[in-house]
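Chain naming follows the written order as A, B, C and D, and within any one chain the residues start at number 1.
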Amino acid sequence: MAAMEKETARIEAFSDGVFAIAITLLILEIKIPAPTSANLTAQLLRQWPSYVSFAISFAFIGIMWVNHHRLFTHIKRANSALLFLNLLLLLGVTAVPFPTAVLAQHYGGSGQRAAAILYHATYFVIAIFFNVLWQYSSRHLLGKDADVSAAAGISAQYAVGPLMYLACIALTWVSVPLSLLLNIALAVFFAFPPRARR
Amino acid sequence: MAAMEKETARIEAFSDGVFAIAITLLILEIKIPAPTSANLTAQLLRQWPSYVSFAISFAFIGIMWVNHHRLFTHIKRANSALLFLNLLLLLGVTAVPFPTAVLAQHYGGSGQRAAAILYHATYFVIAIFFNVLWQYSSRHLLGKDADVSAAAGISAQYAVGPLMYLACIALTWVSVPLSLLLNIALAVFFAFPPRARR
Amino acid sequence: MAAMEKETARIEAFSDGVFAIAITLLILEIKIPAPTSANLTAQLLRQWPSYVSFAISFAFIGIMWVNHHRLFTHIKRANSALLFLNLLLLLGVTAVPFPTAVLAQHYGGSGQRAAAILYHATYFVIAIFFNVLWQYSSRHLLGKDADVSAAAGISAQYAVGPLMYLACIALTWVSVPLSLLLNIALAVFFAFPPRARR
Amino acid sequence: MAAMEKETARIEAFSDGVFAIAITLLILEIKIPAPTSANLTAQLLRQWPSYVSFAISFAFIGIMWVNHHRLFTHIKRANSALLFLNLLLLLGVTAVPFPTAVLAQHYGGSGQRAAAILYHATYFVIAIFFNVLWQYSSRHLLGKDADVSAAAGISAQYAVGPLMYLACIALTWVSVPLSLLLNIALAVFFAFPPRARR
């Protein structure tokens, strides 16, 4: 059992590595304007969706990292199920740069709505993975002295996620920019720790 | 000797870094459709082999990471041979993105079988490296209180690997999709811990 | 509270990962000359701005890493604000490869001044982030036995940063090479630990 | 002083991160053949210099990692000089993928000798950095119970490096393949720990 408890630290260290790499790779998606062109400033400004998407993706992966740590302050034991549920979550995290780049390149074009749906769908799937990881862990892997009301607070906060990201997808038919604003609002919501529930 | 035992933790930390990076780099292989094109959804859907290969490679590297840790719960000492055998294994792990990308781009085309053979051959070589690392470690580097039956269980499970990946290569002449299904089945087989042997 | 103190070590480990990746990705910005061309030596020499910018960016990220550690030898506690201020700083650090590559490719061309302004502006923003992180931490998160004069020395050194990087931007209208020399001089200034103040 | 001793562990962890990333990025240099072409097997085989250079670079960075750890088993204290000498060494390590890719793409072509000189020169510079780091550390930063004869053995082994890599450069005028064989032989020489000297 002691070996299994040490596993928790290892899973965190490995996950930290994945988060650190995913967040650092984001800059590679921004293209460097070719030196042949006349006006560099105009070229740089035209790329604004890339900068916005870089900043937003950075914030989102950062917020997911903060949440991941929040969960692991409660999780005290590890087993094979946790190992694989955690890998599933990391799969979602490492995928983020792709829908982000697609959205950045197609924002304002004809593929704008398809790109926004792909983007929201990624976060919908990640929200599901967060819920599954937490539902399993909070039932089987908490310590004896677990803070039950704090755990219930997390459960309540996370339960909102999948539904709201579905709402983002639905909103794309009304307005793509509006759906993105809701997405950002959700990130802010998850950045703050939940209130404890009784 | 104490310094050598500390080395085990260092080898694990370095290996964790390599696994974390290899698993995160996979997303870079997925191409972002150019914004000039008419229908983004169709373009995104046409890339399905890239998504499948991303998910499968992620799962495979994840499973190899789980196995690497499983071995190092038994390995208690380190020497130069372990250092180099471990580097050999990591060489195989970091190479995975290349055959995966080749397979994703050539699946369904004329180079499909050659790509599948390269893919299976990579896992064949990795399986050999896992066996060599474990055969050496289990004979020379286990602790005094080693769980002999658990170690024998790992040996038995790993011995199956190289032969089965050879079978995958042979199967490509019958059916490439079938050979890939066997490859996936093998990953599932290695995801589960072996039964202890007496 | 004990859990919060452990958080400091985690933030450092995560930040170390981000610094390590950002510093290692720099080499990817250097292009490999195509093998079709006649004279490889001439081609390699023509790329000298890329090598200079690689070396300088490496030094700068290295110096920022040294400074980050210097701060965290004083910071003894963690809270949500530190988590997000630290993420903000890392956002700046991971962005460095982009303005560096733009400068390397446009140095000597018509976009030279715009590229230099973008470059200095990045360091201006990073300097602001360093100040905000340190001002907050030095007021709220130092240990009871904090070295007050050392902390004051850091505050004094960092306060210089934003103003000097603004001076770099202004200098680009006089001479771009001169502004870059000032930028390098600033890096050397921040490489050395500040004198303690009373 | 205790804080400074803890610094040694931090420098190692950061360096491990850089080594892990540098060794994992190597695979990105191998190009994936385009799916339009007729014969994939022939295309894959034609790329053999890329595979050889991947394997060799992997081995070389692995051997440098082993050497880095060997040094840090002796180094017990840290100061600003060590911080910067270590960053200098890491600069050399992260640069390795560039000369390696240049050599892989120009081997057998007209730029072959220039590429080989660049390649050997990189290792010449790294050998200098290893010597400077070790000469400084072995004089100022060893523990009180330092193994003097082991340290002298490392000094003797490392002193050979710069001269031999100069010999590699000179050999390119006789035969490029021969110079590369000497380079590989040197890597094997540094892979093994030195004999203790009295």
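The rule we apply is simple: contacts are C-beta pairs under 8 Å (C-beta built on N, C-alpha and C of every residue); 3 or more make two chains touch, one makes a residue touch a chain.
Fair warning: this is a prediction, and the values are worked out from it, not measured in the lab.
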| item | value |
| --- | --- |
| When chain C is superposed on chain D by its C-alpha atoms, the rotation angle in degrees, nearest 5 | 90 |
| Same vs different contact residues, chain A with chain C, by half of numbers used | different |
| Distance-maximising chain from chain B - centres being C-alpha averages | C |
| Length of the line joining the C-alpha centres of chain B and chain D, rounded to whole Å | 26 |
| Approximate Å spacing (C-alpha centroids) for the pair chain A, chain D | 37 |
| For chain A, residues contacting two or more additional chains | 13, 17, 20-21, 25, 28 |
| Residues of chain C touching chain D in the complex | 12-13, 16-17, 19-21, 23-28, 30, 32-35, 37-41, 43-44, 54-55, 58-59, 62, 65-66, 69, 73, 191-193 |
| Contacting residues of chain C [partner chain A, same complex] | 3, 7, 10, 13-14, 17-18, 20-22, 25, 28, 80, 83-84, 87, 90-91, 94-95, 97-98, 101-102, 105-106, 109-111, 114-115, 118 |
